[in-house]
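The next block holds one structure in the form of structure tokens; read it before the comments.
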């Protein structure tokens, strides 16, 4: 039934060498020759091979044939359609052929790059092309769908990447919803004191941006909230946001902070102060918090736990405290989404031999950031955990939890520079002897290595060797009461034991603990390490596989502040580009119900996750709403009456492709030696 | 529960106390240990240094005998070195087919054959913790070791590298700690609990070995341990038999008896010292053990003064939740 | 062509546009080598897999069929791979009735990042099918149509 | 990975070390971080840290490698192996190097020249009785290598005797012939590394 016996199509087949990428393993000339001869009866009128089909010359080749030979179908055997489908469709379009009458089959990713046996690869290429030819016969001229794009954008995560993205879009005059899980935006950058390599104060450069984001007319800041549900598709997402109760009426609150003074309940601040400092049960994480309104932390509030106290309420000059607030679900429509949810710090407790948690004076990098921060728990004094003693010797350990098959296999990329910064600060503020323990010193970006030079000049000791263990077990009087860092100094090949007062673990960056949930929520995929996957690692680092959802900052992989800002801006540029077009064009891959064939069994109705299929009770037939349909084709496969067909992936197209793929089985078996 | 049993050479004589105390506590727990008939030495750390195939054949002969005698079964080895060698051989018999093939060719000379993975070797501590559990052990405690300060010493091979899977943390294990607490003892923090006793270094290079031992003893002394509890004959031998040499060489005055964890369990079960082979240790345990049963208020851990108000909080540890 | 030694099975693989096809791309970009016996077809979603496709492949001379999609929970279309899963089990039963060993069809979840896993699984599957030997399954077209239409009535979810 | 590749070229020192080590040693993965050397209980007294030894192996400097006292000072504590960020089977590699150094006879030139002797004495009893025999080993070994240390050893030895923790005669397993046959066959199969 699905076999055009004498196809009256004129098909052109184009085999790409891709330099030696394909031609190196596949005999492209032979493949082209074979297609011309063996697929003639299927309508192939011309088959060519060319060095680079995607080059303008290659495209012209196709366009010329379309015009001169009157091709009605085009098959290009080259790389993955995900790379160049658009290129060749455009070529067809330029030559006056409907772009959807072009089929791109992959003989590079799926053949030349993954096989070594030339004969086998060549035969497989032929099969793949035969499949493409059989399929293309059934292609239909299509016109891409256009849907209006909602001008608003959702930015998830109020760290520096998210703030940058939000500001860029807002400044261009479009509305942004900036959602932040914590009470204030600012992210990790707000916790730092200095930023490498220029050592300018983190707060000084960040807070203006925070204030801007908080006051910008085009930015709706939604802090202390989380995205719980995402529906729809590029141009028209419906998102649900859970606004956690602040128990503070932001209409009335003026952020005077009296409630925080009066609150009797001290709580260790595990988030902003990295567990090193205290906050109250009602709090803003830090003085320059944006928004300035505090939140009441229910778990630790005496009133919520015991029903007494209410001190904050008593003293609030504007009666802004409202214990009756409930969690709210906010619904909003946005056209595009930028994810900038950041990272979590590697937990060094997982490396017991480094003693973090057991040995008081072993600190994490984030703890040290707070120690050095003028607004931190010690007012910027670098002291041991007793809160008074100034360290005379400091050891800084690189690569903690990074570059290690037992923990994270990747390089966290910021630790070297961060450790150099720590070395500088420790030396500058305490005059301590500082030792840096590194495997490789990685300072590749602009004026980073110069900073390394500077720290060398300041007299920091650099020991090339990964620290083996940190203990308080002294072996001689010189080690009494110290932390002993045991390491091989690999440059002299000797084991050394270096007694220090303070150890700083430059812990690596990890995906957020809940990264899997995030990926699911937004329909994205994570790499094995847990970072979100970009559309292309080099050429499309802020886009994702899902149209309309972009990523920026550490959610895509470890990176420092400059890189995060760049990505925030890049993602914003992408968003703005789309908004400017007013509408998004979408692949016309949709399902349609043949009203005459439909028996009204309604099996398809429950199969559609987008509720795109409606049932007309009166006529007892189902119908697909093309605006909602995403083209997955599940209903097509399910329809017992074969009444539903999917454009671009119709039964005929797939069945014919199968036939094509299997066409030269027998011959292939003989041709290929085992 | 029934298990195949591989005592190992040490338990035959120098660690007979370990052997006896193991059997003693097995009875009440219902732990049945059936010795592999005509087992041979595991080769310790020495044989592998001379001839790889001979060494693996030597070890695997025991597994083959066990397979013949019991079929598929768990094998209990109280000696950490034997435990390591047996599980290592088993691991490579599965992981390295060419090696396995040759080993079986050799075993065939005595009509023996072994398929990797048939006999799972486990250390006595694993079995007590995983198959019986603390509650089962607690249930038999009649004389809790109240007030006795124990430094739990794991040594290397029971926690590292875990050829058949990790049983406890390789750097900072806690299973023995929990076991000792469950029988009423006070377990002191012992940072070097999984450090090395020097192994055969006591023979090859006394200075290296004695220094390692000194550091261990010092650490236990710093935390005011009455007893170091071991689960390996080699560790016991080194710490016990060479403690005098350590004192002589470094002019120290350590007197820390080294006992087997099975002996401690036995005491808690109310068994008499003699059956448990207590008294065979060179560093006399009488003074330390005198504390047990005597009502003494648990002394507060060493120099942990009240936190001053400047003091910054310590990070929460997982177990604290 | 009976001796399994130099028998090269032909396997048709169905991939979804969002995960497994991109896994194949990934394997390519990373130059991870695998057996040339598999020929892939791109569907938008594993949910699109019509059992007739599989029967068509077998009747057309394929010795094995690989069905792959996003990991459960990661489906680009929310949950359609679960439907593919449901169908797969149904289908396998029918195939057995039709005298096709269950070992000739395999379901595989592969995320866009799992090129190596995909390659590895393909190699395993090729070996498995090679061991089963050639299929040479040729039922009348009519049977396929019939079987297809009767045995795959979806139970409304 | 290096161990995976099959070479037509004559095997290098690296190849031979890898081939003589059971399982996959991952030796080719070393990034020279020194975690092993830092973790080693006797690292301070080693002529080369394991890391340095691996570099020498890569450089094909057979003499230096097999003359080094490093493998002989390995106490088999496995710290290096569990801490190695590249999961290299360092301890097993040390065993391999011991064997090779004995075969090449190069250990004699190492500062641990008598170490193999201890192993030899140990296995003498294993090979002839099927069980090890502390007193015998200690006695023979020390008589051979540290006769002057004997007096120093005495108190400990006597203590062990007094406590009946030492045998005067070694035990012997029943099927000694079987074991001997197995070991003989194994040695024949092993041949030269």
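Think of it as A, B, C and D in the order they're written, each chain with its own count starting at 1.
The definition used in the following text is that a contact is a pair of C-beta atoms (placed from the backbone, for glycine too) under 8 Å apart; a residue touches a chain by one contact, two chains touch by 3 or more.
Quick caveat: nothing in here was measured; it's all calculated off a predicted structure.
Closest to the protein's overall CA centre, chain by chain, comes A. Averaged Cα coordinates give chain A a centre that lies 30 Å from the centre of chain C. Chain B and chain D have centres, each the mean of its CA atoms, that are 23 Å apart.
Rounded to a whole number, the gap between the C-alpha centres of chain C and chain D is 51 angstrom. Chain contacts: chain D has residues 79, 82 touching two or more partner chains.
Chain contacts: chain A has residues 353 touching two or more partner chains.
For chain B, residues touching at least two other chains, in rising order: 171. Chains touching one another form the pairs A-B, A-C, A-D, B-D. Put simply, chain C touches chain A in their complex at residues 1, 5-8, 10, 12, 18-19, 21-22, 24-25, 27-29, 31-34, 36, 39-45, 47-53, 56-57, 60-62, 70, 73-74, 76-80, 83-84, 87, 111-114, 119, 149, 152-154, 156-157.
Touching chain D in their complex are the following residues of chain B: 9-10, 12-16, 38-41, 43-54, 56-58, 61, 91-92, 95-96, 99, 102-103, 105-110, 112, 156-157, 160-162, 170-171, 195-196, 198-201, 203-208, 212, 241-242, 244-245, 279-282. Against chain C, the residues of chain A that register as touching in their complex are 80-82, 106, 108-111, 113-117, 120-121, 123-124, 127-128, 131, 519-520, 523, 525-528, 533, 545-546, 589, 602-603, 605-607, 609-610, 630-634, 636-638, 640, 642, 646, 648-649, 651, 654-655, 657-659, 661-662, 665-666, 668-669, 672-674. By the touch criterion stated above, chain D contacts chain A in their complex at residues 31-40, 43-44, 46, 48-49, 51-52, 79, 82-83, 85-87. Against chain D, the residues of chain A that register as touching in their complex are 353, 403-406, 439, 464-469, 486-490, 493-495.
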